[in-house]
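Below are structures written as structure tokens.
Shared chain: subunit A. Partners: subunit B in the first complex, subunit C in the second.
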Partner chain A sequence: MTAVIQTKNLSKWYGNVLGLSDVSLEVEQGVTGLLGPNGAGKSTFLKLITGQIKPSIGHVAIQGQDVWNNYPLFGRIGFCPEQDAFYDEMTGWEFMTSLLSLYSFSRADVQSRAEKALDFVELDKDKDRLIRGYSRGMRQRLKLAQAVAHDPEIIILDEPLNGLDPLSKRKVIRLIKDYKEAGKTVIVSSHVLPEIEALTRTIILLHQGKILARGDIHYIRDLIDKHPHMISVKCSDPRRLASSLVGEPSVLNIQFGPGPDTVVFETQDRDKFFGLIPRLIVDHRIDVEEITSPDDNLQAVFDYLVGK
Partner chain B sequence: MVISEQGYVHWQGTFVERRFPWWPITRLGIRLAFKRKFFKFVFSISLLPAVMFSTGVYISERLDDFQFMLKGPDRLLEVNPVFFKSYFTSEPLLFLMVMIMVLAGAGLICDDLKYNSLQLYFSRPLRKRDYVLGKMATVFFFLLILTLVPGLLFVLLKLIFAGSFKFLANYPWIPVSVIAFSLLVTLFFAFYTLLVSSLSKNRRYVSILLFLIYIFSNVFFGIFYSIFHNPYFCLLSIQCDIQQVGAAFFRQSPQYDVPWIYSFLVLAAICCLSAFVLKRKIRGVEVVK
Partner chain C sequence: MTMSHNAVRSIFSFFFFLGRKARKTKVFFLISGLPVLVALIIQINRLFAPGSGIDGPAIFSSVIMAFNLQFLILVLALFYGTSICSEELEGKTLTYLTTRPAAKSAIILGKYAAYAAFLILMVAAAVILSFLILNVERLLDLSAWLAMIKGLGVLALGLMCYMAFFTLVGTFLKKSILFGLFFSFGWENIVQYFPGSTQKFTIMHYLKSLLPAASTGSAGKLSFLTFKLEPSPAGTAVATLVILTAVFLGLACLVFSKKEYIFED
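Take a look at the complex of A and B:
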């Protein structure tokens, strides 16, 4: 499959601050997840590939064409920024039509596209309200609407699920998958692993401006499995639960705390551990308030990868 | 790898560029300005000098009918280069132009900086020069209504009321001066407004700055002039610089004994400074966390 987006030795400095360092990659059609903690360089990377900032070194090409200063190319890209970018005193409708009028659409086309996009993100009923009165989720959906209203081939979404309620999140995820089915190229950035997991298996991991890992999302999962998983259980009798698990070979370590009703297990085999827990809880009649995995997040994966 | 239902289709069409890509930016600026109630009031007031001078043109051709009102100073109502210079360099008009800039121009760039809108603009097929042009055109729209339109209207009214082309025969250069000076003063104010607007994300702060720079440049000139009695201090005042250049454009002797070209250079320097600052300030949002 041909690469839609290509970067070669892409680097960006903000004065002495390194934004992105020597990133060479190819992004193909479909959904690609860009993962990284805050400050990893995700937004910088997205702004570089949308031609908003000039690379310090290297270059970006979309469909073989250099992006920097290639204004006609921008008509094929839809960009949803992370931060809010609205005039509060405008209505949703005015916002959409004013941005669509920057393309070569006729007046009627601008209006029909704005209508369609607002309908798509279910803001059609609120289109005449001032953006000032929109909730965080509505603003997020409006940002998404402006990114897709001109029917771009390449859609760049910077943290599009931030601030959305579960229903809206589901809708946006469905929407992104629809674009994938339509043969478009979508890049979605996020620092929340499950969000990306729900969207795609192809990911790029960024850390401190560098690519840490690329490929299938299960690679990351496997990586977690090579390290003991931490599972915290908050229950009525943590010591009893611990004593019943102390002889289990998959349990490597048991720690009490941080609270008096919490016990933290370290296990090599998470699936087996989760298979044991329900039976023990029932057998010993222990009331369980909460089971969490403190290291089952992106930050923990990064920590493992960078060898912290 | 998931196989998509529809393969990737390379875009084969030709991108049609807008003829005036800056126009949507201008239209938005005008629309947002008229959304402010106080702006509508000030803009209406700012048209009063043009209405008064238009009345003056009419009266100048009907002096006999209005003798009972004039009782002597009919010379003031003569439509000649002095009349045009008086209109274009009058303190009330310049002050109202600054007020228009405060209300309609202060937010032009500062609101985009505040609301992070630049990243939305520049991820679209819009060049930075088109963006700046669009913002400038907003200023041009308002200021040319106060300068060029009335200026040409005075000429037209004079010809209509006089019923002859004698005025044009006497002063054939007047329409050219009207156009040139209107464009010059509007261009200066456009650069001045965008320069100050790009300095902050707070519209209120920009509004105050726009107003204070204009007023205090005049105040400082007054202070230094009264101490040192040196007319060259008029170069410190934006208002005096415009008046000096205006006098030259309408072939009148300048108010202060300073070559008008110096004032012109001061205004040009401010425009250059503005262009330099705009080039640095208007760019894709840079992310440093």
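Take a look at the complex of A and C:
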């Protein structure tokens, strides 16, 4: 398959601060997840491939064309930025139609595209309200609408699921999958692994400005599964729960605290552990208030992968 | 560097609409209305105290025009010209424009044209209202109307030239307002009074060269504005202002196209 986006030795410094280092990759049609903790260089990478910033070293091309200042190319790209920034004095409708008028659409086409996009993100009823009065979720949906309203071939979404409620998230995930089926190229960045898992199997892992891994998401999932997990259970009888799991081979370590009603288990087989817990809770009539994974976040996984 | 007229027109519509709704426009609309208020007070005073010696038309051609030329157009050009680039950076909205199929020069030109158009309308409205109030007895005097129209033309030229300069400054300088204040009320207000050819290094020199009092060389109603002015010929003044505007805008487009803008976190 032909690469839609190509980068070669792509590097970016902000003064003395490294944003991205020696990234060479090819992105093909379909959905690619860009995964990394905050500050990993995801937004820098997306800004470089959308021509908002210039590479310090290296080269970036979309469909074989240089990106920097190649504005005719931008008609084929839709970009949803991470920052929560708008022309607040505008209404949602004015915002959409104003941006769409920058393409060579007829007035009628601008209006129908704006209507369709606002309808999709369920802002049609609020389209005449000032953006200043929109909630975080509404603003996020509006950003997404402006990125897809012109029906681009390449869609680049920087943390698009931030601030969305579960229903809206599902809808956006569905939309992204529809774009994939339509043969479009979508790059989605996120620092939340399950979000990316719900979207695609093809991922690029960024850490400290470098590509840590790329390929199938199962690869990273396997690495995560080998990573010992901490699972904290806040319940009515933590000692009883702990004693029932002492002999369990999948449990490596048990610690009490931080509070009197909390016990923390370390396990190397998370799935098996979560399979056991419900039965034990029922058998021992233990009231569970909360089960959390203190280290089940991407930063912990990255720390593990880089051997910290 | 190519661009389409459609892109400039779309950006113009975008910001002509948005600029009018901006909060700062409401503030500057009130400031631009101050001369109207002054004109009203003067006219009311003349009605209640006839023969007080206050000459309405003279007040119009000196105080009102002086306020517009020496203060209002400078302030408007400074705040709107520098904001063409800086408000997009501070508001982090630049992304929405630079990821569209529109040349960066079209963004600058379209936004400049939009702001210049509604600022000229704003100033013109205030000037015409002040004129009507202060010249209520001379509304059939064609020469008064012609003088007012000429004054408006000078203000429009000044606004466009200063705004082009501040647009350029805004594209490469972060503290553009501070620099603009020094330029407007330091350089422009001082160097214009220098004798010899030094005063020709100010935009104000060319604007004042177009004022009636200056061109006649008499100590007319605008004499205090044209103190020590050694006027350039009207044609030279207009050509210089037009060329300066074009050069400033061209440079602004060039800087904006080449420069990389990074949002501050």
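Keep this in mind: the second predicted complex is superposed on the first by the 308 of 308 C-alpha atoms of A that agree within 3 Å, B and C clash if a C-alpha of one lies under 4 Å from a C-alpha of the other, contacts with A are read in each partner's own complex, and residues count from 1 in each chain.
Convention: a residue touches a chain if its C-beta (ideal position, glycine included) is under 8 Å from a C-beta of that chain, and two chains touch if they have at least 3 such contacts.
What you see is a predicted model; the values in this text were computed from it and never measured.
Asker: Subunit A superposed: clash or fit between subunit B and subunit C?
Answerer: Clash: subunit B and subunit C overlap once superposed on subunit A.
Asker: Looking at the overlay, what does A:Glu153 touch: subunit B (first), subunit C (second), both, or neither?
Answerer: Only subunit B; A:Glu153 stays clear of subunit C.
Asker: Could you look at A:Pro260 and tell me whether it touches subunit B, subunit C, both or neither (first, second, both, neither)?
Answerer: Touch partners of A:Pro260: none, neither subunit B nor subunit C.
Asker: Which chain makes contact with more of the residues of subunit A, subunit B or else subunit C?
Answerer: Greater contact footprint in residues on subunit A: B.
Asker: Looking at the overlay, what does A:Pro81 touch: subunit B (first), subunit C (second), both, or neither?
Answerer: Both partners, subunit B and subunit C.
Asker: Which partner does A:Pro249 contact after superposing on A: first (subunit B), second (subunit C), both, neither?
Answerer: Neither partner.
Asker: Quick one: is A:Ser104 in contact with subunit B, with subunit C, with both, or with neither? Answer first, second, both or neither.
Answerer: both
Asker: Which positions of subunit A sit in both the subunit B and the subunit C interface?
Answerer: Shared contact residues on subunit A: 14, 50-53, 71-75, 77, 79, 81, 83, 85-87, 89-90, 94, 98-99, 101-104, 146.
Asker: What part of subunit B is in contact with subunit A in the complex they form?
Answerer: 1-2, 4-11, 15-18, 21, 24-25, 27-28, 31-32, 35, 111, 115-117, 119-127, 283-289
Asker: Within their complex, state which residues of subunit A touch subunit C.
Answerer: Residues in contact with subunit C: 14, 50-54, 69, 71-75, 77, 79, 81, 83, 85-87, 89-90, 94, 98-99, 101-104, 146.
Asker: Would you tell me which residues of subunit C are touching subunit A in their complex?
Answerer: By the definition above, subunit C touches subunit A via 6-7, 10-11, 13-14, 17-18, 21-23, 91-104, 257, 260-263.
Asker: Quick check on the complex: what are the subunit A residues that touch subunit B?
Answerer: Result: residues 1-2, 4, 14, 17, 19, 29-30, 38-39, 43-44, 47, 50-53, 63, 71-77, 79, 81, 83-90, 94, 98-99, 101-104, 146, 153, 156, 180-183, 185, 201 of subunit A touch subunit B.
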